[in-house]
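Below: the structure, in structure tokens.
Labels run A, B, C and D following the written order; every chain starts at residue 1.
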Amino acid sequence: MNLAARQPVLLVAVPLVFAATCPLWGMWKRRICFYWALGGMSVTAFLAWSLIGKVSQKAPLTYNVSGWRPPWGIQIRIDTVGLLLACTITAMSILLLLYSYRYVEKEIPTQRIVYYYTLLLLIFTAMLGCSVTGDLFNFFVFMEIFSITSYALVAISGERRAIRAALKYLLMGATSSLTVLLAISFLYSVTGSLNMVDIGQVLERMGRTSSPYLPVAAAAMIFFIAGFCVKAAVFPVHVWLPEAHSIAPSPVSALLSALVIKMGVLGIIRTLFTVYGRGFSSFSEVWGALATVLSWAAALSIPVAAIMAIMQTDLKVMIAYSSVVHVGYIVLGISVLSVQGFAGGLFNIVAHAMGKGCFFLVAGIIIYKHGFRRIDDLKGLGRSMPVTAGAFAIASLSIVGLPPSAGFIAKWNILYGCLQQSQYIQVVLALFGSMLSAVYCFKVVYYMFFTGSNVGAKMDEGPMTMLIPVTLLAAGTVFFGIFSALLMPTLSNAARVLLAR
Amino acid sequence: MGKVTSSVLPSIIVFTPWLTLLVAALWARSRPRTSRGLYTAITVATGLLILPMYGIALDGGVVRQHLVRVVPGIDLAFRIDTVGFYFGLLLAVLWIAAGVYSLGYIHERHTRYYCFLALNLSFCLGVAFSANMFTLFIFYELMSLATYPLIIHEETALARRAGLKYLIYSISAGAVILAAVLMQYFYGDTLSFLGHGTLSLAKVSKPVLLTIFSVYMLGFGVKACIMPLHGWVPDAHPAAPAPASALLSGVLLKVGAFGIIRVLYDVFGIKLLRELGVGLPMLYVASFTIIVASLFAIPQTDLKRRLAYSSVAQVSYIILGLFLLSPDGAVGGLLQIAHHAFMKGTLFLCAGIIIHETGKRDIADMEGVGSKLPLTMMAFSIAALAMMGTPATCGFITKWELGLGAIQAHRGYFIVVLLISALLNAVYYLPIVYLAFFKSKETIKFSKRETRPSMLIPTLVCGVMVIVLGIFVTVPGLPYSLVKVVVNAVF
Amino acid sequence: MRRLLVVAALACLGIMLLYTIGRMPPMNSGSTPDKTHVVPRYLEHGEEEGGAPNIITSVILNYRGYDTMGEVTVIFSALCAVVALLDREKRGRSRSAADISKVKSSVIVRTVVRIAVPVIILFAVYTILHGETSPGGGFQGGAIVGASIILFTLAFGLPESTDRMPLGARIPMESSAMLAFLAMGFLGLAFGVEFLTYALPGIHGQATETIRMLMLMVVEIGIGVAGGIIFISIVFAMIREDRYELQPDIP
Amino acid sequence: MNFSRIFHNLNYVVSALLFLMGLYAVTVKPNIIKKLIGLNIMETSVFLLIVSVGMVDNGVAPIVTEGYRNALEAGRVVNPIPQALILTGIVVAVSTTAVALSLCLRVHEKYGTLNAPEILGRDVL
């Protein structure tokens, strides 16, 4: 049997098998779950990473599940964007699982550890499913899986505020999911198809024949964007994010910030470009207006969220607000509609995943070792935990967008894209925002390294399983800052294809 | 025009100081004294590595090295041309002086201090050797960040406040420079330094060029402390430990000026600048800075604060010289980089010795210091005289060339600025010398043990250099020969 | 004030919705876009291609079987979530409201329930197994099973029903339901065709049909079990929660 | 706006109204259980919309029995896709509700109330 050709579906099915069996192991011995999950994600990571080079935006890797050609069956369709996300997800998943090994002992009630690993596997599977699917309704189904699991993961520690945050997250998340479902039904009623590419073609045909149903499709687009914006925590509808991301156990916070909100961004990309991109001429006004609104919302969110982050005293809440800043960058890059900006936005998905992952994991180590959450308590931590604090300092370069880090490359491209489209005010807002980002990031670095007593501080680092992911992520931000050429050309090509019309 | 060679030497030079981190990681805890010796040795080694490039630089040659392609069309690359070599050499010399001096001066937090000192050298060299604006920006930003730990080294409340101010200024400046680089790339299609301007009126409209120019000035002006942007300087210099202030004032401010040089010669080009007519406004700004900063210096009672204001004024000499847009003016401006580095280096190192030995910072308390620290105060006096432009010191050469440049540019009236400045310098430097030597009740005894040699020797060497540079101007190897090559290539 | 704002926002949304609806294809027409693009093939060939006379079942299990796999995963995730959130440390026997209620449910109720529950379950099994040919299917059947057990619990109390339906079996059953579905998927791969293909090559004649039928059956039962268990588990978990001492830990 | 068209699509109108009702409950009602009921009303409204899309006048169920071919010729067979979709949708809705209800139980345990403004603070849905 030719497994190589079936790799796309294995990418989803294999981790699902691991997820389904995980609780069974847990009934026997709890510890096995960790190794099982780690093994499962390693296999999946291999499956995802071996696809690198075989995929391009123009010639995506497709797989017809059950053998039905689209539009009749569900097609798995891995393009550059999907593969980028799949690789990021699988790589992050291994680091996060490794990190969880010691962390869960402390923050999660013992009998829930089995479910914690199961839910983690499920959420990774769901995100992989979202990244590679070519079917709109299938996207919705997987979106619901990761939504439900993330509500549960936020609340899994059972803390008072965690449950409240999860409930808040659920109310907004479920409403946004329904908005997306409503949009899907609108779109289905006028196109009769659920395959993204096929809908694109139908819309194009409808545009040519100036079908009377075009306004419905346009309205559906608005609902799509509204729904996905909540998932991605774009500025005015980000209110659920700070609490949910800060109260969750740290690996979960890292997961939510680094990956889950990117799925909302993926939804925006899929609808705006894959689905509606082809029939663009038919709704140029609505489409353009939406893009403009998005870019303004994103650009405004950068300084506003940065100011909110500055005002926080809790480390994790501050980091959570910083996620809103970066979603702003990503969405800005995507919505300015220039190739370079788009590529920068995509690059920032990776850069932010690494930087923010590192941030939350560092916060986790600090909580694990000392139980501190407040920024004021971090005094002198750089001396007792040099590796942890150093990783934070390096990652903060990327979050602020200073060279030579991946965040800088992303910011550079996004801003250049804005310039290309003569969006000067957005450039100014984004630059201003990055200055403010420096304030909240360096405040923490300052507390860690330049305050507190320096005498008698002895080394008191976290366990190895927690330090390795943190160090790797911090190193990754610098690596991709210097060797961004590994990614940028591919992303630029992808952006070119997506923006072509 | 000399030949272009490819070599890996630039990155070796730039990254040699990183060995300090290795040394720190290995021996900082177990063998503190040895490792401190090694830090200095690494700095010296970096300096020695730069020297072989001398021949190439004197011929106007270029050493290139391509590192990595960051974004399509933008590379990380090094390129040592004459002006870069000139600046790099200066960096190395002053760093060796400061490094040796630090051995005696710094008493706590050695590891952090030396690591960031070395990183700073690396990043400054990166700025000097960068082949395009992008590389320059990256190292410039890193340099800005790496300076912060030096400024707050003493961790007093004052230092913290100064550090915060510094960070706010430099990060804002970084964002502004980023905007300028983006605009340059967007409108000019290239960021490489080619030895001539890459922007031209043929491709880009005048308002846009003017915008790019002013945004660049705004960005680099913060480090080069052009007057309304100088706010961080008078706080940061007094707060930092003396060797660090010597470097800050002697070199780090010049990194901003160096950025401006690149903008002038490799982004816009002299011809375009003349067409844009930005010379005169910048001259006014520079003159304003020179005079006002000198005036600000007079009422200062803190020694290092007074020196800091003096630096603000002196760095604008460079700007003045450059924007005269005449060959002699440029010579003066470029010479000022090295000359001021030695003058102000001497002054700050002397101030450090005074503070270290007597604990006094207030100028009113300087009475009789000359009898306690005769050699130090001799050096101080020489440098102070040089600041005023006394002949046979390097300060005179600069002023002379600037004056010639002003006449050459048909803007002779700027000589008045130089004269006023010399006068003001006398007003705020001579009282210190007077207090130190002539208000003393004790007689001067040279036999008295002064301070530890690790601090005294670098100070005296810098002091001697002030005179050497003033007398043996045209000796090959000294700044003048290199500056001439640069200026001949540009004009 | 806040309510006013919400109402204003809802009014805007309402106008937008009405505008959209006003332009949607007319209802009840056979020639709207949704019925002319993809569907004709399903209606025409659904039976032989999908293997079930009930075209909806064909769509669910065959054409869009991958979605249904996702659906089972949703149930599985929800179960994990509920169990993770609600399971308490102590594993002692809990009692439902019915157990501690002063008024015992009457003999009539108990008798009726005792008679009705097997019949309901029988009906559920019919719904599950007959899903391909008539209205019905796995999840619907599972829901009915769940309802019957809930009914039983209400009448007889939690201990009675946990004796018959051990709580420890929830997770393994749910896992095996999902694994059964996945196994059907991988069976296709093992036979060298695509994932979740029911028509396996290499088998001829009547056997193809039978095997396809069996596979569909396995999937349906899997969905049924998964669906039933989620209802039961949620109710059980919540009943167990019901009797904790109310101790709000408000600081 | 074409009113006759709107009234022809009465199911759609009802579904839109239900959606708004549900959203109103989710945003305004203080009780969390009521919010969840609102959420379910929204879900139902979307299901109603999708199913109505697939409806045909005098339609028959898409199950192959006798008379199916005739109905197919006449174009009177109901669209099966929306029904398949809402089946998945219902499962999703049930699962979300299940998670939400267990969160509610926990919230009630920890806070002793189900009043959203008290629990979530004023600024929240």
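Everything below uses one rule, namely that contacts are C-beta pairs under 8 Å (C-beta built on N, C-alpha and C of every residue); 3 or more make two chains touch, one makes a residue touch a chain.
Bear in mind that the values here come from a model prediction, so they are computed numbers and not experimental data.
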item: Chain pair showing more contacts of the two, A-B and A-C; value: A-C
item: Distance-maximising chain from subunit A - centres being C-alpha averages; value: B
item: Centre-most chain, if every chain is reduced to its averaged C-alpha atoms; value: A
item: Distance between the centres, which are taken as Cα means, of subunit B and subunit A, whole angstrom; value: 44
item: Inter-centroid spacing, subunit D versus subunit A (mean Cα positions, whole Å); value: 28
item: Centroid distance [mean C-alpha coordinates] between subunit C and subunit B, Å; value: 74
item: Residues of subunit C whose C-beta touches two or more other chains; value: 19, 23-25, 32, 34-35, 38-39, 42, 64, 67, 70-71, 74, 77-78, 81, 85, 249
item: Residues of subunit D engaged with two or more neighbouring chains; value: 19, 23, 53, 81-82, 88, 92, 95-96, 99, 103, 106, 110-111
item: Sites on subunit B at which at least two other chains make contact; value: none
item: Set of all touching chain pairs, with the criterion as stated earlier; value: A-B, A-C, A-D, C-D
item: Residue ranges of subunit A in contact with subunit B within the complex; value: 402-404, 408-409, 412-413, 415-416, 419-420, 427-428, 431-432, 434-435, 438-439, 442, 449-451, 454, 482-485, 488-489, 492
item: Residues on subunit D engaged by subunit A in the complex (per definition of touch); value: 19, 23, 26, 32, 35, 39, 42-43, 46, 49-50, 53, 81-82, 85, 88-89, 92, 95-96, 99-100, 103-104, 106-107, 110-111, 119-120, 123-125
item: Subunit C-facing residues of subunit D, complex; value: 1-3, 5-6, 8-13, 16-17, 19-20, 23-24, 27-28, 52-57, 59, 61-65, 72, 74-77, 79-84, 87-88, 90-92, 94-96, 98-99, 101-103, 105-106, 109-113
item: Interface residues, subunit C side, partner subunit D - complex; value: 2-3, 6-7, 10, 13-14, 17-19, 21-32, 34-35, 38-39, 42-44, 46-47, 53-56, 58-60, 64, 67-68, 70-71, 74-75, 77-78, 81-82, 85-86, 133-135, 137, 139, 227, 230-231, 234, 237-238, 241, 244, 246-250
item: Subunit A-facing residues of subunit C, complex; value: 16, 19-20, 23-25, 32-39, 41-42, 62-67, 69-71, 73-74, 76-78, 80-81, 83-85, 87, 89, 168, 171-172, 174-175, 178-179, 182, 185-186, 188-198, 249
